[in-house]
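To keep things simple, chains are lettered A, B and C as they appear, and every chain counts its residues starting from 1.
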Amino acid sequence: MPSEQSKTPRSFLTTRDWSRAQIDALLDLAASFKQRDPGPLLRGKAVALVFFNPSLRTRTSMELGAWRLGAHAVVLEPGKGAWPIEFTDSAVMDGDAEEHAREVARVLSSYCDLIAVRKFPGFQDWSVDRRDEPIKALARHASVPVMNLETIEHPCQELAHALALRERLGSLQNRKYVLTWTYHPRPLNTAVANSALLIATKLGMDVTLLCPDERYLLDERYLGAARDNAAAQGGSLTISHDIDAAYEGADVVYAKSWGALPFYGNWAQEKPIRDANRHFIVDERKMALTNGALFGHCLPMRRNIKATDAVVDSPGSIIIEEAANRLPTQQAVMATLLGAKPTGAPSGVPITEHKEIVHA
Amino acid sequence: MPSEQSKTPRSFLTTRDWSRAQIDALLDLAASFKQRDPGPLLRGKAVALVFFNPSLRTRTSMELGAWRLGAHAVVLEPGKGAWPIEFTDSAVMDGDAEEHAREVARVLSSYCDLIAVRKFPGFQDWSVDRRDEPIKALARHASVPVMNLETIEHPCQELAHALALRERLGSLQNRKYVLTWTYHPRPLNTAVANSALLIATKLGMDVTLLCPDERYLLDERYLGAARDNAAAQGGSLTISHDIDAAYEGADVVYAKSWGALPFYGNWAQEKPIRDANRHFIVDERKMALTNGALFGHCLPMRRNIKATDAVVDSPGSIIIEEAANRLPTQQAVMATLLGAKPTGAPSGVPITEHKEIVHA
Amino acid sequence: MPSEQSKTPRSFLTTRDWSRAQIDALLDLAASFKQRDPGPLLRGKAVALVFFNPSLRTRTSMELGAWRLGAHAVVLEPGKGAWPIEFTDSAVMDGDAEEHAREVARVLSSYCDLIAVRKFPGFQDWSVDRRDEPIKALARHASVPVMNLETIEHPCQELAHALALRERLGSLQNRKYVLTWTYHPRPLNTAVANSALLIATKLGMDVTLLCPDERYLLDERYLGAARDNAAAQGGSLTISHDIDAAYEGADVVYAKSWGALPFYGNWAQEKPIRDANRHFIVDERKMALTNGALFGHCLPMRRNIKATDAVVDSPGSIIIEEAANRLPTQQAVMATLLGAKPTGAPSGVPITEHKEIVHA
């Protein structure tokens, strides 16, 4: 874990590399951007957005976030509009990949000032995927900062989520935060769940991880980092398989589905287990057990599968605010990585609602 | 039908919502943009271009049209670069769609000032497609204006076509306008045909719909709206299955192919009927029956299938002018929806040829 | 061959149309852009990038190169995000193509100031592909300049490569330049090899084309043009099938794989011949025979197939510099085609290293 006095990391790959103070500074900067247009803070800067997987929010918020600061984002889709890429050093490249991350990273570094990457895991072998090698290889070979747009963690979503919680709740210290597994027809990435544990514990909340049974626990790397965060920040991490007990008194319910790690790559075998747990859906009955909890989700979200319309459309639902916050928080990350500081930006600026947020 | 004094609609979904005066104002504004660069009228505005289907002209003209006015367009392709979308309220989302139009519309509204959508019908069930639900759902849930880039109507093409006609003919009142069905190997969308009826009648022309037989008539919604327009504007709507009679004395021949609605979804059954009508191709013999008619088509167009090279490359062919006019007319729509008025824009500006138009 | 006094061609389709003096002027202009930011030289200009095939470097360097000069690039992908295109005149378009190059070229000319095209050959029939008809058709019908982003030649890569050589070697006159065929699992385009012959001979180098046997010779058009260049510029063209003799004393080794033209379209038959020539890989033993040669490659490049890691990562490897040079050289082409001259640009500016180049 970084110390409070540590230097700003060169890249934004995981919030585990960023101290609590550094995360707070990013959130403060994002809040200031919402309060006052910072102008062309990144004038003339170029950003490569490398998407190995689909995106709506990330794509739009990165492209517009860069543009509103005077920068330009180029969208690249390797394997579709661009060449497939090899990430392993010393590989004899006689497979599908036409070029190596060494070249991609160095060439993009020559054209751009920042490289942002979305690369979902391969879903065949967790022992491979958990190394998060693709983005690490790009960051290792790039001479410019690299930003994670979701791999096996989703640190941008962490910031957007955290900012939405701060805007609604003020102080988050020791708020009860429930990360609940929910059903989804397909086995999904653990990235957002891993990230929820990281950010909620980093901000000092009392975090409950609710999932059907221990087969749905997250990787020990993330459970361990969450415990360390909790210890450092005066919060806690609790694991629960009891739905009602977990919801009891919650201030925040954050829903996410993911595939069980012990069945990673053997998804047909996991399917009936997942299917038997459709009742983990977030609904009004469960929400009634909480302390008027906010409902969060990272989007995209299947309605009436992960949460009922009544919950999703309730006043406590912050899903649109979270998504809207992707733009200013990612602007804050870009500006920080590129060393651009707004002139006369107040510290500790008051948090205000974003004018464009729609409470449906 | 909107009254002449009605307020400008929030969105540009169909010209049926826009009065004759409002349409004329859009055309005048577009003409003024061609005459004089309006400058960064939309500086700082962001536009989402949501393409569910391919595009060349629309994509290019929207992106450049926005850019020339100081705005920035983000191109999203749900199902390819972005997530598939559900449009039906209260759906239990256990199919392919990963997110709901409610979220898409609200999230894009938080990032952007305008959402433009291309979504072709599903071609399985006209009773479903005719509801035009996808764009309506997006418009209902968005908090910003929505612009139709072709669904089951193509109002942007209407404006570009109308401006090209005005530029060539001056007054359009009671000009003879023939919308002719033509052959195409595949059953196509009725959108451009529906739109041709709407705009030609709205501008007071004497409109003939020429098609092989009554199975190729357009939906009654559009025939009825066209009759209403004709009544209000002093024009007429005639249906004909007699090629020579229809071409006789025409001032404009507009070609379009579409699949017959009674066979909608049973396209194999319609195929031999369509194949038997290849002679509807626009050729020199038929054009010789007209009053030196202009030839229009919305593009893309299959040469020597829908019209012969001789017609397409004749001096009366306005296909390139129509396409070129997509840019200023769509700029006029964007500026109007976003309330941006050019300073000192003359009313009733003289129509001039666009300097970049190429008469090949 | 163009004379030294010839007018700047309207389009940049092949360097065969450009005189030595014109090529030198492009390289000088690119070098000046690297030395000093030329500012918004192309302010308000729009560029269409038409990609029929994937791209990373070309896409990024064109889009950012245009943007840094104040222009805007629109990326179109016919057959994916845009409609498939017919190139043959008078075609009866009842196949897959939905529109004709005539319309595409004229419509894009109405929206844009320059059209840049990547269109790889079809790999079925060299007698068809060697006509390079798609880009020629677009250039013929366009009313704006057209720029080749790789068809059966790759003139932009020529410039980037030449600038990297100039930066490293100074004068190139009578330097020994070896273009070596290398193995690749798939039969590749001859474009970069054709282009290497053209530019190396145009710059007066002593060029050796090294390939397994005469079946791997390039098209006589390119061999002939290279011989003509050599005669005009005081260099030479030698063909060799002897690896060690070819490498002996080389100043530059440029690696590229391509499919053998006699087997064009019958690739299964060529496969065992290609497979038997894996030993053409560029390795340290071969490089030790040279005069401390630079190693060049156009990227994407399969490591340990076309060249060993030791060679690729050696100090003499210029692959990243070549790629980085795509940006300023393409800017120079765009500025020249659009008649934009930087104010006060010195002639014969000294060549400096690009600050962002990374020697890994």
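Definition applied: a residue touches a chain if its C-beta (ideal position, glycine included) is under 8 Å from a C-beta of that chain, and two chains touch if they have at least 3 such contacts.
Since the model is a prediction, treat every value here as computed from it, not as a measurement.
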| item | value |
| --- | --- |
| Type of chain B:chain C copy interface by residue overlap (half), same or different | different |
| Rigid-body rotation angle, chain B and chain A, from Cα fit (steps of 5°) | 120 |
| Distance from the mean Cα position of chain C to that of chain B, given in whole angstrom | 41 |
| Contacts with two or more other chains, residues of chain A listed in rising order | 80 |
| Touching residues (chain side chain A, partner chain C) in the complex | 44, 46, 48, 72, 74, 76, 78, 80-83, 86, 90-94, 97-100, 102-104, 106-112, 141, 143 |
| Interface residues, chain C side, partner chain A - complex | 51, 54-57, 59-61, 63-64, 67-68, 75, 77, 80, 185, 299-305, 309, 313, 319-320, 323-324, 327, 354, 356-358, 360 |
